[in-house]
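Pasting the structures here.
Across the two complexes that follow, chain A remains constant while its partner is chain B and subsequently chain C.
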Partner chain A sequence: MAEVWSQFVRFWSFQDGSVRSAVFGVLLLAVSCGFLGCFIVLRRMSLVGDSLGHAVLPGVCLGFLVTGTKDPTWIFAGAIAAALLASLLIAAIERYTRLKPDVALGLVLSGFFGLGIVLLSRISRLESGQQSGLDKLLFGQASAVSERDLWLMGTVAFVIVAAVLATFKELAVTSFDPAFARTIGIPARAIHYLLMTLTAFAIVISIQAVGVVLVSALLITPAATALLLTDRLHVMVLLSVVIAAVAGVVGLNISFLSNRLPSGPLVVLALTACFGMAYLFGSRYGVVARIRRRRARALQTCRENLLKRIFLALPSSEARQVALSSLTQHPATSSDSLRAELRPLTRLGWVDLEGETVHLTDVGASRARELDRNYRLWELFLTHEVRLPADHTQRDAENLEHLLTPELVRELEERYPDA
Partner chain B sequence: MTNRIPNRKSEIQASQSASPPIEIHDLTVSYDKRPVLWNIDVALPEGQIIGVIGPNGAGKSTLIKAVLGLLPVDSGWVRIYGEPLTKHRNVVGYVPQRESVDWDFPVTVRDVVLMGTCGRLGLFRRPGAAERACCDRSLEQVEMAAYADRQISNLSGGQRQRVFLARALAQQSRIYLLDEPFVGVDAATESAIIELLRSMKREGRTLLVVHHDLQTVPQYFDSLLMLNMRLVAFGPTQEVFTEVLLQKTYGGRLTILSEAAEQVAGTRR
Partner chain C sequence: MPENPLSLWSPAFAHDSAVTILMGILVAVACGWLGCWMILQGLALVGDAISHTVLLGIVIAVLVTGEVTGIGMFVAATLTGLVTVVLIDVLHVSSRLKEDAAIGIVFTSLFALGVVLLTVFASRAHIDAQDSIYGKLEIVASRPGWMVGGVEIPIAVFRMAAIAAVLLGLIVVFYKELLLVAFDRQLAASVGMRPHLFRYGMLAALSLTAVGSFEAVGPVLVVAMLIAPAATAYLLTRRLPMMLFLSALIGSLSAVIGYHISFWFSVSAAGSMACAACGLFSLAFLLAPEQGLIAGAWRRLRLRLKTGRENIIRRVWKLSAGRPEIGVASREVAAALALPGWRYRWLVRSLVRRGWVDVAHEPAEGLRLTDGGRVQAQRLDRAHRLWETFLVDTVGLSVDHVHPAAEEVEHVLSEQLVERLDDALGHPDIDPHGAPIPRSQVSDQTPGVFVLSKLRAGDRGRIAGLVPPFAASAFSTHDQGPALVEIARLGLTLGQSVEVRGRAPTVAAWVVVVDTRREIEIPHALADVILVRLDASLPSISS
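What follows is the complex of A and B.
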């Protein structure tokens, strides 16, 4: 335990050079992939990211074989060449055969990856290959990020951020409505190729830290998580950078503490955990929030129905008081349970309970009148417009009166001024 | 809906040339090498609301997309005021079908309408105060100003159509091509849209509208383009909206053309 703690301190004190460059590298990746990932997800190109991730492997191996060393420049060049070749092949298959895009992606992904694995196992038999740590490229090892790698990552991250910021408007328009974008003279195809090229760049600089198998997660998961949390595009971009950064550093930390575990899968797991939390606890689209909203609505319906029952049980339109006993529909309902039901209404200030008498307050009376009116408006609408027979309308009207928004009520009032 | 569009009618007319707003000559267009439009020849008059009608698969949307340069053409050409479209990008506004986009996209109503101003902004420039003002005006014209900051997925069908129209208004074009703007909208929106189109027409704009509800054709359109893979008829609505021509337009697909299209596509031996 003490050892884990001292490792933890070592990680966060950033004294270790390899920790520093790993963390710095992952932050650069978070920025690159966060910026690009949003557009990849919104353009439904997620599988393209995955395919390119796998397709760069043979390029990386060939880049290594040219020099026999792990020269970042050659590896970068080989990877980019492989990514471009793969995307050309995908486009050609889509265009000149009857096969659909998902098939084209699957074909190219597996073919390139197979070749990459063959080359990788050849390299691992070479003497220079054994020390190269090239096999780490499969699952990623961020601690192997060198200073030269960092320079490359920094340059690529800068290019990506600059390019996305410069063409943000065009990227947004072409992602939302590509046909419209073309009609207003935006070079949609050029934008698409720009995005593809930048994605290839981002993938290539990411494989050292997360590995080819999981690199697409860095593009897709932060953006997908952000999309669950916001309805604004620029917020989504910022959020996905933050999510990628946090998950990246957490993943690295765990990888460091566990000593041997490859960083790639841990970073991806941290990202997936973020996604899971957003899915469950997101304030707008989260599962919990939705369940809570639905329950709140059901509770409100219950209370309002009781309020209406009180309102309708009033002996005259001026009266405000009604005996508790007149509210029970079944004689079996005890007055205790009714009292319990009435408690939230008292808290809302709708009614006052004095002994056996229920007193409707001004607030309660006006809310009850509003509900009654909504009910009748909606019933009118159902019988007149939807032409439901009278015996069908009641249930629907009773459920909806609680949900009608002020706008809808206004619209209905315009339709039925004498209701 | 108001009629506040910055370009005054006189300005538009001052810049008018003698050439028709849209001239289509011998236009043939194919999907997957299968022709869907054959040798269309037509010149559209200025300042009218022109309807495009025809059965499903008649090539109505294809015609609009071909005019906009969204589809490669096999033969023929389209001219905008006598010149190729590339010279007049911002002169032609487009209202695509509502279903053509993903309404879960993380943007607000205002963001979408601002996209209409991107064409004249050019690369790298961002919408400024002038574009925002134009966007607000457009939203007022379609009575959507109150919804400016709403996320677009929360809108009804009619509201989405109004957003698309506002985006088109923000383009400030002289010609508009609208693909089924009346499909799936409520009655209030339908009458609001036609009022808006009429006020645009009064400002001298030319509107080409793909339509499918034959009942409203005589009320809505000054001229009518009747299409069924080839041009069946074009002319003033009261002249061409006849039993005989409708029968010719809707009386079944022209089997010979369909067969020929299959042959061209090379799917049969």
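What follows is the complex of A and C.
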């Protein structure tokens, strides 16, 4: 345990050059992938990243075979060439056959990866190939990020950020409304190819740290997490960069502590953890928040139904008091449970309970009248516009009386002034 | 490459080669069958996800049971496969993420978990992380096996054979259901099938296949064998049974080719198999008879040539002002169509070969339409102008917008379609620009014979007969019985002279004058079956 702690301290003190460059590298990746990932997820191109990620493998191997060493320049060139060729092939298969896009992605992914494995098995027979460390490219090894790699990553990240910022408006419009984008003269196809090219670049600089098999997670997961947290594109981009950065560093940290584990899967798992948190606890779209909202609505409906029952049980329109016993008949309830049900209503100040009499307050009476009115307005709407027969409207109207917003009520009132 | 390329069949290697190829073929066949349904149902990438996440199931099973083979692994891996699908479905239904993002997140997470577990417990798991990605088809032959007829066959091969047999059985038993679910989910659901169950069942079968072939080909190459042969078959046929057969055949072929390549170049067998499968796909992509790239390019080229030829014919017809005996200077035609010289000459040569134009060389080079060429020109004019009429009358485009569209369409409208259009538009006489729409002759063999409904006011001729039922025009299936009664009622006879006055103003009928004195109305349906041989020498009533 003490050893783990000392490793932990060593990691965060950034004494090691390799830790420094790994962390710096992962931050650069977080920026590039966070920027691109948002558009990729919004355009439903998530699996393009997966396809291109697998497809760079043969390019990397060819780049290695040219020099016989792990020269970043050649490997980068090979990887870029492979990724661009792969995206061209995907486009060609989609365009010239009746195969669906997912089949095109799968074909290119597996074909290129198969070729990559053939080349890799060839390289492992070469003498220089034994220590090539190319096999690390499958799952990534962030600690092997060299200074030259960093320069390359930095340049590419700069290009990506600059390109995305320069075309932000075009990217946004083509992602959300391609048809509108075309009508206002945005070259949608050029933008698409630009995004594909940038994605290829982002993937190529990421494989060293996360590996070809899992690189797509770096593009998809932070952006998907951000999408669950916000509705604004700017915020989404920033959030996904932050999420990618945090998860990346945490993943690196764990990988560093264990000393043995490949960094790629750990970064991915850290990303998944972030995603899981957002999925469960996101304030707007999270599962918990949604369940809570639904429960609150159900409770509100119960309370308001009871209020309406009291209101309808009043002996006359001026009266404000009704005996508790007259409420237990229909539906049949025990007086104790009715008292329990009335408690939240008292808290809201809708009713007062005095002995065996229920007293409707002014607030309660006006809310009850409002509900009754909502019910009747909606019933009118259903019979007039939806043309439901009068005996079919009750249930729908009862469900909706609790949900009608003031604007909607106003509109209905305008429509039926004599209601 | 070894000195003797066939040394893999020498006694030293023959057994291993045969076993490896057998395993490869079994994997390919099972994946090929499954792949057909995967790509038909848009499940290709869910399949990709499952074949990756099965790793997690295998690792868990090995950690729990402590053995690399056995039933536990199949159960665990199949469960992981199903969990993958359920997670994808849940994520994509219960959040605003689309299916692609859900697939991406689920499969990368589960796969990463598998890799981490594998690395942490590497000493206990006896599985190598690298090998579990590449697949090692080569080592299958060296695994312990059962003796069959004096030959040792590895257990993995039996297992894979069993999986393939089960798949075949399921396909045969549920063929009808699978067919319906694949092509028409709504109908399948409405007749009481459960498309969801079939989907889960199929993905469970996929997990099973992925486990069976995991050691041999690894997760990514399972995807290759799933998608590539099925996609190749898809490009070659439009019939499902044929597709299943071709897919299995192409998969097996990839196994055989792949193994040979891997032996000769001493590279990964699984990788070579995937490359071979994708190589075969590329061939089909280029060369498939109907859907291949080259067939498509050839079709487009032929259409371009046809368009070029037809443009020349129409231009000559127009420049000679409808009098085919007048020649038109080549220079003028080429300039009007903005054709480069070589292409113009090429097109003219092909027109002469077809006998549609004559080329004169004196005083300057000129073109003249032959009779055949004139028929073509009129056919094109007719298609062009009918299309314009259709666009204006039915579609509601304005008159000044229809010419470019018609210019394109005239080359692709089939003769049958033009006749249909003519029928539907009520045999119009003039197009929206006021130009006459040429009539269509009954056939090229009987020049000058027209259906009565297609004549114009002022046309004169003699009744030449009736349209033979179901033959001359495939689309009008008039019964001749009532037509004959009607003809007798109107007093029409063969050889009688008729002159068309025009359309009846109110009813759908034609007003004609018979024997230069009797004016009658012929209903549209009847006018469609009466043939008239034009004869301009007949006396006109106005003269």
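The definition used in the following text is that the second predicted complex is superposed on the first by the 415 of 419 C-alpha atoms of A that agree within 3 Å, B and C clash if a C-alpha of one lies under 4 Å from a C-alpha of the other, contacts with A are read in each partner's own complex, and residues count from 1 in each chain.
Everything below uses one rule, namely that a contact is a pair of C-beta atoms (placed from the backbone, for glycine too) under 8 Å apart; a residue touches a chain by one contact, two chains touch by 3 or more.
Since the model is a prediction, treat every value here as computed from it, not as a measurement.
Visitor: Taking chain A as the common reference, can chain B and chain C both be placed on it without clashing, or not? Answer clash or fit.
Guide: Once chain A is superposed (C-alpha atoms), there is a clash between chain B and chain C.
Visitor: Which partner chains sit in contact with A:236 here, chain B, chain C, both or neither? Use first/second/both/neither.
Guide: First partner only, chain B.
Visitor: Report the partner of chain A that touches more of its residues: chain B or chain C.
Guide: C
Visitor: A:185 contacts which: chain B (first), chain C (second), both, neither?
Guide: first
Visitor: Would you check which partner chain A:213 touches, where first means chain B only, second means chain C only, and both and neither mean what they say?
Guide: After superposing on A, A:213 lies in contact with chain C but is clear of chain B.
Visitor: Mind working out whether A:227 is in touch with chain B, chain C, both or neither, as first, second, both or neither?
Guide: A:227 sits against chain B and chain C alike.
Visitor: Is A:262 in contact with chain B, with chain C, with both, or with neither (first, second, both, neither)?
Guide: After superposition on chain A, A:262 lies in contact with chain C alone.
Visitor: Where does A:346 make contact in the superposed view: on chain B (first), on chain C (second), on both, or on neither?
Guide: After superposing on A, A:346 lies clear of both chain B and chain C.
Visitor: Which partner does A:172 reach: the first (chain B), the second (chain C), both, or neither?
Guide: first
Visitor: Which of 7-15, 25-33 or 133-141 in chain B clashes with chain C after superposition?
Guide: The superposed arrangement places chain B into chain C at 25-33.
Visitor: So which bits of chain A does chain B touch that chain C touches too?
Guide: Chain A residues touching both partners: 227.
Visitor: Mind pulling up the chain C residues that touch chain A in the complex?
Guide: Within the complex, chain C touches chain A at residues 39, 42, 44-45, 47-48, 52, 91, 94-98, 100-101, 103-105, 108-109, 111-113, 115-116, 119-120, 129-130, 133-134, 218, 220-221, 223-224, 226-228, 231, 234-235, 262, 265-268, 270-275, 277-278, 281, 285, 291, 293, 296.
Visitor: Which positions of chain A touch chain B when the two form their complex?
Guide: Contacts found on chain A: 42, 166-167, 169-170, 172-173, 175-177, 179-186, 227, 230-233, 235-236.
Visitor: Considering only the defined contacts, which chain B positions touch chain A in the complex?
Guide: It comes out as residues 65, 68-70, 89-90, 92-94, 96, 100-102, 105-108, 111-112, 115-116, 118-119, 121, 123-124, 126-127, 151, 153, 167, 171.
Visitor: Would you pull the chain A residues touching chain C in the complex into a rising list?
Guide: 41, 44-47, 49-50, 54, 93, 96-100, 102-103, 105-107, 109-111, 113-122, 125, 135, 138-139, 213-214, 216-217, 220-221, 223-224, 227-228, 258, 260-262, 264-266, 268-269, 272, 275, 279, 285, 287
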